[in-house]
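Notes follow the structure.
Should a chain be cited, it is by its letter among A, B and C, assigned in written order, with residues numbered from 1 in that chain.
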Amino acid sequence: MNDSTEYYEDTKPELHVSLDGFEGPLDLLLTLAKSQKVDLKKLQLGILAEQFLKYLRDQRFKSKLEFVGDYLVMASWLTLLKSQLIIPEDENKEENVDKINELLALRLQRLSLIREKATWLFDRPKLLQDFFPSSIDKNEKVIKEDLLKVQISDILKAYMGIVDKKNYEVSLASKEEYLFLDKAINFIEEQVKESTAILSFANLVKAIHVSSGINAKRCAASIFCGLLEYTKLGKISMKQEGVFASLELAKVRNEIKG
Amino acid sequence: MNSQNAQRVIEALLFTSAEPLSINSLKKKLPDDVDIEEVIETLQKHYEPRGVNLKRVGDALVLRTAKDLRHLFIKKEVTKRNLSRAARETLAIIAYHQPVTKLEIEEIRGVTVGSGTIDLLMELDWIKFGRRKSTPGRPITFQITDHFLDYFDLSSVKDLPGVKELKDLGISVKKINRV
Amino acid sequence: MNSQNAQRVIEALLFTSAEPLSINSLKKKLPDDVDIEEVIETLQKHYEPRGVNLKRVGDALVLRTAKDLRHLFIKKEVTKRNLSRAARETLAIIAYHQPVTKLEIEEIRGVTVGSGTIDLLMELDWIKFGRRKSTPGRPITFQITDHFLDYFDLSSVKDLPGVKELKDLGISVKKINRV
């Protein structure tokens, strides 16, 4: 198989197994109905069900059972229907059978029509086969038109590429590894609000390091920047007794003392 | 600007473009008082008997060689792409039922849309994302592109036969096995 | 073959050729009894008042846009290329994370964002400046424009499919490197 066929054929059918080329139970049913030359609107469900079940028995189907959920579902309710057709019990059930019969007929009709339309479509005159575009000198073409070739899917694929590559979640990723400054500031704000005692830089770093699991050095860096920012805003003051001494902070009281 | 000049402008732009040009973008090249629809109609009539025809694809215009002259270009013919049946039917469903969700496509075909089918149709620039449906989960929909129309020699989805017939059958019938 | 048909053939061949076609090669596409000089003359007259003219260059023919319409084709200074991967990725990040700063974009992409990329996206009117972040340095953020939504036919950024959604649709990332 060369590359181009691989590219244009579905090489990996996912949930359906192609049994002798049938793409799913609807496809098989439609083929059965057509081979009987049944009018899809007056579907003989009983006969069809029997054929379907026979088909499944005849094919080396059993070995593939694990793949064929769709067929199994279809087979089981066709069996049920068939049995109900043979032994009608009460009126309610009969109605039910009619209803199912009608729906199946509708689905087959639809699939059959779509199939017709797909054939119609691909039988049409086609670009580069039946009619051709201009090749007249484009050297002077306006550029923007070319840039406008971008499709939204290009943008999305670009994004998926990044997300895949970096294993990013949909939000900014390094979330777990870094303590972002705004988080640090929020944290400081909370601590300052809640505690009346004097807070120290070391305590803050330890607290956030323990609660978030982020590397302690990174916490220290972020908290320090946060403190500077917060001090600049005039919300707290900081003091240090000497070189390498503990860095302590306190709320700035804004209340006007009367 | 008189109609003759407006015709010349559109003609020149279309002659030098291999891709359809949107009527909106053409309009911008003309004075406001020009009735572009009238100009298009005149041009279309003018080109009808000629070797190159003016076609409308969706909201765009394009010049293409007349179909009866295809024999002149036999050498140019590109190898036909053999699209899988799944891809062809998926495309037909999108064309007839657009905007349509992946689930709806699967319901009509009775099988899952294989991986790569949607991707392939997008690569070929025949389908694109549409608006989300306002049903639960707000699933994304697909619709066909102007390039699709151009490629299959259609001027709008209205050119597809039996649209009403199919629409009447609907998409979302409850799953049979749930009745 | 009558003159009308001979005209159509020449027209279609010239339309699909970027290079001038020799009169000899055109002759071969027509029956022997056609007087090609006469056909050329008729065509030349036909195209004379139009937006595209038939020109004779030596022993060859070519269709060219009328000279007085050259203003339609003024060359812009942007280089002719598809949107670079950097630009696509930057645009995608802004769309999904807006408002977002340049630093954050760089953090996600793992490389610096060239100023040309931002400029280009701005020029295309797909992104604009947003509010400043309340973090130190108060960096400026970027967000996408209404024109972006309009251009990509989205009603809001919420219409953008999520990564998981795309994967479910079988859209593959592998092809992104192809331009």
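By definition in this document, contacts are C-beta pairs under 8 Å (C-beta built on N, C-alpha and C of every residue); 3 or more make two chains touch, one makes a residue touch a chain.
Since we're looking at a predicted model, the values are computed, not measured.
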{"item": "Best-connected chain pair, where connection means C-beta pairs in contact", "value": "A-B"}
{"item": "Centroid comparison with subunit C (C-alpha atoms), farthest chain", "value": "A"}
{"item": "Length of the line joining the C-alpha centres of subunit A and subunit C, rounded to whole Å", "value": "30"}
{"item": "Centre-of-Cα separation between subunit C and subunit B, whole angstrom", "value": "18"}
{"item": "Whole-Å gap between the CA centroids of subunit A and subunit B", "value": "27"}
{"item": "Two or more partner chains touched - positions in subunit A", "value": "132-138, 140-141, 151-153"}
{"item": "Subunit B: positions in contact with at least two other chains", "value": "15-16, 63, 65-66, 73, 76, 114-117, 122, 128-129"}
{"item": "Touching residues on subunit B, where the partner in the complex is subunit C", "value": "4, 7-13, 15-16, 29, 49-52, 63, 65-66, 69, 72-73, 76, 102, 113-119, 122-123, 128-132, 140"}
{"item": "Of subunit B, residues touching subunit A in the complex", "value": "14-19, 53, 62-67, 70, 73, 76-78, 80-89, 91-93, 95-96, 108-112, 114-117, 120, 122, 125, 128-129, 150-154, 160-162, 165-166, 169, 173-174, 176-177, 179"}
{"item": "Interfacial residue positions of subunit A with respect to subunit C in the complex", "value": "132-138, 140-144, 146-164, 166, 168, 170-174, 181-182, 225, 229"}
{"item": "Subunit A residues touching subunit B - in the complex, by the definition given at the top", "value": "4-5, 7-16, 23-27, 70, 73-74, 77, 96, 99-100, 103-104, 106-107, 109-111, 113-118, 120-122, 124-138, 140-141, 145, 151-153"}
